[in-house]
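Notes follow once the structure below has been shown.
A, B and C are the chain letters, set down in written order, and residue numbers restart from 1 in every chain.
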Amino acid sequence: MIISPELFQQIIFYVFATFTIGSAMAVVTVKNTIYSALFLVLCFFNTAVLWLLIEAEFLAITLVLVYVGAVMVLFLFVVMMLDVKQAKASQLKQSYTKAALLIAAAMLVQLLILFAYKLSGEIPSNELVRQEQGYSNVAEVGMTLFTQYVYPFEIAAVILLVAIVAAIMLTMRKREGNKQMDASKQININPAERLRVVSMKAEKATTQAQSKEEES
Amino acid sequence: MIETLEFLIFDNLIYILAIVLGVVLTVAYLTYFERKVIAFMHARMGPNRVGPRGLLQPFADVLKLLTKEIIFPKNANKFLFLIAPIITLATAFAAWAVVPFDDGWVLADINAGLVYVLAMTSLGVYGVIIAGWASNSKYALLGALRSAAQIVSYEIAMGFALVGVLVAAGTLNLSDIVRAQEGGFLNWFWLPLLPLFVIYYISGVAETNRAPFDVAEGESEIVAGFHVEYSGAAFALFFLGEYANMIIISALTALMFLGGWYSPFTGDSWIAQPSIFWFLAKTSIFLYAYFWFRASLPRYRYDQIMRLGWKVFIPITIVWIMVVAVMKVYHIGPWWN
Amino acid sequence: MFGWSELVPAFPEILVLSMACVVLLVGLFTDKKKGGFIVFLSVITMMFAAILTLKDHVAGVEFTKTVIFNGTFIRDEFGDMLKVVVYLLMISVFFYAKQYLRQHDNLQGEYFALLLFATLGIMVMISGHNFIALYLGLELLALSSYALVAYNRNDLNGNEAAMKYFILGALASGMLLYGMSLIYGAVGTLQINEISQAIAGQNNDMFLVLGLIFVIVGIGFKLGAAPFHMWVPDVYEGAPTATTLFIASAPKIAAFALAVRILGQSLDVLMIHWQSMLATLAIVSIIVGNLFALQQTNLKRLFAYSTISHIGFMLLGLVGGAEGIAASMFYIIVYTIMAVGGFGMIVLLSNKGMEADQIADFKGLNQRSGWYAFLMLLLVASMAGFPPLIGFFSKLYVLKAVIDQGHIILAAVAVIFAVIGAFYYLKIIKVMYFEESETDQAIDASFDVKTVLSINALAQLGLLVLLPVLFQYCIRVTGSL
């Protein structure tokens, strides 16, 4: 059994590329929303593997961390909470499908032409670009992000801030009759307002009048 | 070239096997240890029947679980039902790939190790969510939703704590993070990063759904949460995953804040030599703390958990990242000379 | 490392960003019925930003273009002029918003913070020198606007409008981004000046043209030009009036800057392609806007359709060569001043629980208050383009530039539909002066709002004095691009 590293890598590439495309197709074709979301997770995973193959390890891991670890969890969370009904087969076969297929085909053709005609001279055909040992992907990404693209990066941060502000502004509301506790109110309570300590002589029998006084 | 490739694969398989076996055995005796510790705190005996001093108890438990039937709830989604515990276990083990046990004793010495660990630990939530949904049970779903919200919230605090470590060490490589803490007890990062250290460990406890943050299981409210419908080997896998996650959180805390394999003593004596035993000892401290929490603290209420995560931990970590950055810029203390 | 000196051209942006955060914090401690301090802070921010922007021009030093942040940010005369106009517009928006929100007892710091963030987005777009920066500025503006439209969250119309705006806006952003990515694929750079150099001489590259189509669709959506105008009437009608008058004003200037930066500066070689596309958009917009406006009884909807036709005129200017760009810059500046005043009038006549957004609400305004009726007359007449108001001259310059380029048919169609459009403006004037008022409620507004509105409306006459100077400036700054 002889497998050269290049061939090995190509085999890995084609296996995971097939999985990526297959799971991406599954996302839009399966009827169950939960399956759809899970296939999207699978798709992200396979994409991450493809990125690993081109030695973009930081991006690959970040993809998993952000999209799989956080975004898709919230997606699943929402889908499970909403109890989305399964789409019926008839719903999927509506007239939009044809139009959508047409647009998708058109975009595919465009991209194919773009790569075939425009960039054919620029894609290395059989050689893999290898970085030397000790090359740090993280440092490279960091340098580019914080020097060349620092301005767009900062604006992107502001966009996220606006998103948070907008989301909180639009969703945080005090409902009528909400029984939520206010911690600071609870802590700052003065016992004297709530409780009266009555000092009494110890007696053998309690009369009704006294027990009433205790209750009050 | 060909030989090196095959050699590499073979070699790595051996390492992987060694790590997995080690972790599984540790998990087995961790359960024993847990029961003994809690029994001690309750002034009881703990397991003492199987084998001398009950030492064979874990194997008896495993045997029991493996021979039991896996019951599928009615209308449960079989495929997802089965794959959920596997996901939990796989992600718990995957994180071990980048953990350095001693200088150079690491399976994959990758540059983005810290991010990788964070990614893998955050993936564990899928096991919980899928298990909860596939069980087709109200309690399981409730547990899964609680768990998902909790894990995603605490992951942010955890991530920020790791950013502090990253700033302090100037690298994402776990081995280099440990090397940045070379020297005695005071040179480790626990002191300058004290708030982050505490927050990381507490968030770790929350991420693993352990007491006092175990509302996702919450026996008294939702029976056992997401794994209420599981039995036999499938349940054993969840169990294994949960404990493996506890170990990895403890190990990472030891690596990032307590100087990993370095000895707390300075000098040339044998006790000051760095070795794997220091690493294991430090990890054990945090594992013990897990059981200590469980035996002594009542369960947090759900809104309290959320408040703690969002309104206390995240602001503190953000402020402390700034503090760490300033300390690093001005070369403070024995850490950044 | 960046030194302070390198950040100087971006000081206005930094100021607006910091003040937006300050306003956000101050807003937490402000009562919903008051909030004068928030408005004060916002207005002061705009004034200081104006000072920072104008400082170098007034000092009499020779002004040169500066490009900072590795070529992603440019400061030039074109950008500075548009920014100053935006500051002035935003000041009036702040005053009108205060009036409107106080009427509804719902004045929160977030509203003004979001307005400031949106202003920042506009400024980023105006001085973007890189496709990514332009796109991010657009997103910043759009995201803030979506939230502002949905501000009254118990109002179903507002929520529907926000939903439509969000979905179509996201679609438009996607189109724009796809177009940008195609252009990037063809030339391999995102810098505006480098794209222009890279495509010199290859004006028939199919990918560039394909990218151009998507970019124009995206810009068309954002401007609200027909046939991409579907969202405009619904959003204008459903949004709180304070938000409507914002959306109708400053973002149009940003979209104009976006069009000039992308089409005029980076894809200038493809002019022959985009001119024909823009001419189509322009003519369709003028026709659709004016015809549909005739049917409306809701004033906000009517203004929405009139916006579409005005955008058509602005696009028409872009077809008219170098002088046309100057004319269309002049047009958009004049139009935004009119629009802000028109919606300000609606805010003024509204009161708690009632929006004066029907034409019928303006019945007999002359009897209730002759001064406001006169102001509204000025605004509406200027929108219609009656001489000698400034709205007439802005149309005149655009038509002149178009005719100079030999597009006489385009100009003729535009004039015919502008005349048709005058009818619905006249309807408003008729209602105000020749019909009986249904209410005799006094118009209640604070002094500052009245002053701002008066200045705003009187500018339709007052700017005539500055007319040649202003237009000369437009020619100069567009010439220096």
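Structural remarks
We take it that a residue touches a chain if its C-beta (ideal position, glycine included) is under 8 Å from a C-beta of that chain, and two chains touch if they have at least 3 such contacts.
Keep in mind the model is a prediction, meaning the values are calculated, not measured.
Taken pairwise by the contact criterion, the protein chains link up end to end in a single open path, with no chain closing the loop.
Once CA atoms are averaged chain by chain and compared with the all-protein CA average, the nearest chain turns out to be A. A straight line joining the Cα centres of subunit A and subunit B is 22 Å long.
We define each chain's centre as the mean of its Cα atoms; on that basis subunit B and subunit C are separated by 54 Å.
Separation between the centroids of subunit A and subunit C, computed from CA atoms only, is 35 Å.
For subunit C in complex with subunit A, the residues that touch the partner chain are 2, 17, 24, 69-70, 72-73, 108, 110, 113-114, 117, 120, 124, 130, 132-133, 136-137, 139-140, 143-144, 146-147, 150-151, 153, 182, 185-186, 207, 210. Of all residues in subunit A, those touching subunit C in their complex are 110, 114, 118-119, 147-152, 155-156, 158-159, 161-163, 165-166, 169-170, 173. If you check the complex, the residues on subunit A that touch subunit B are 2-5, 8, 34, 38, 41, 57-58, 61-62, 64-65, 68-70, 73-74, 76-77, 80-81, 136-138, 180, 183.
Those residues of subunit B lying in contact with subunit A across their complex are 1-2, 5, 80, 110-112, 115-116, 118-119, 122-123, 125-126, 129-130, 133, 141, 144-145, 148-149, 151-152, 155, 172, 303, 307.
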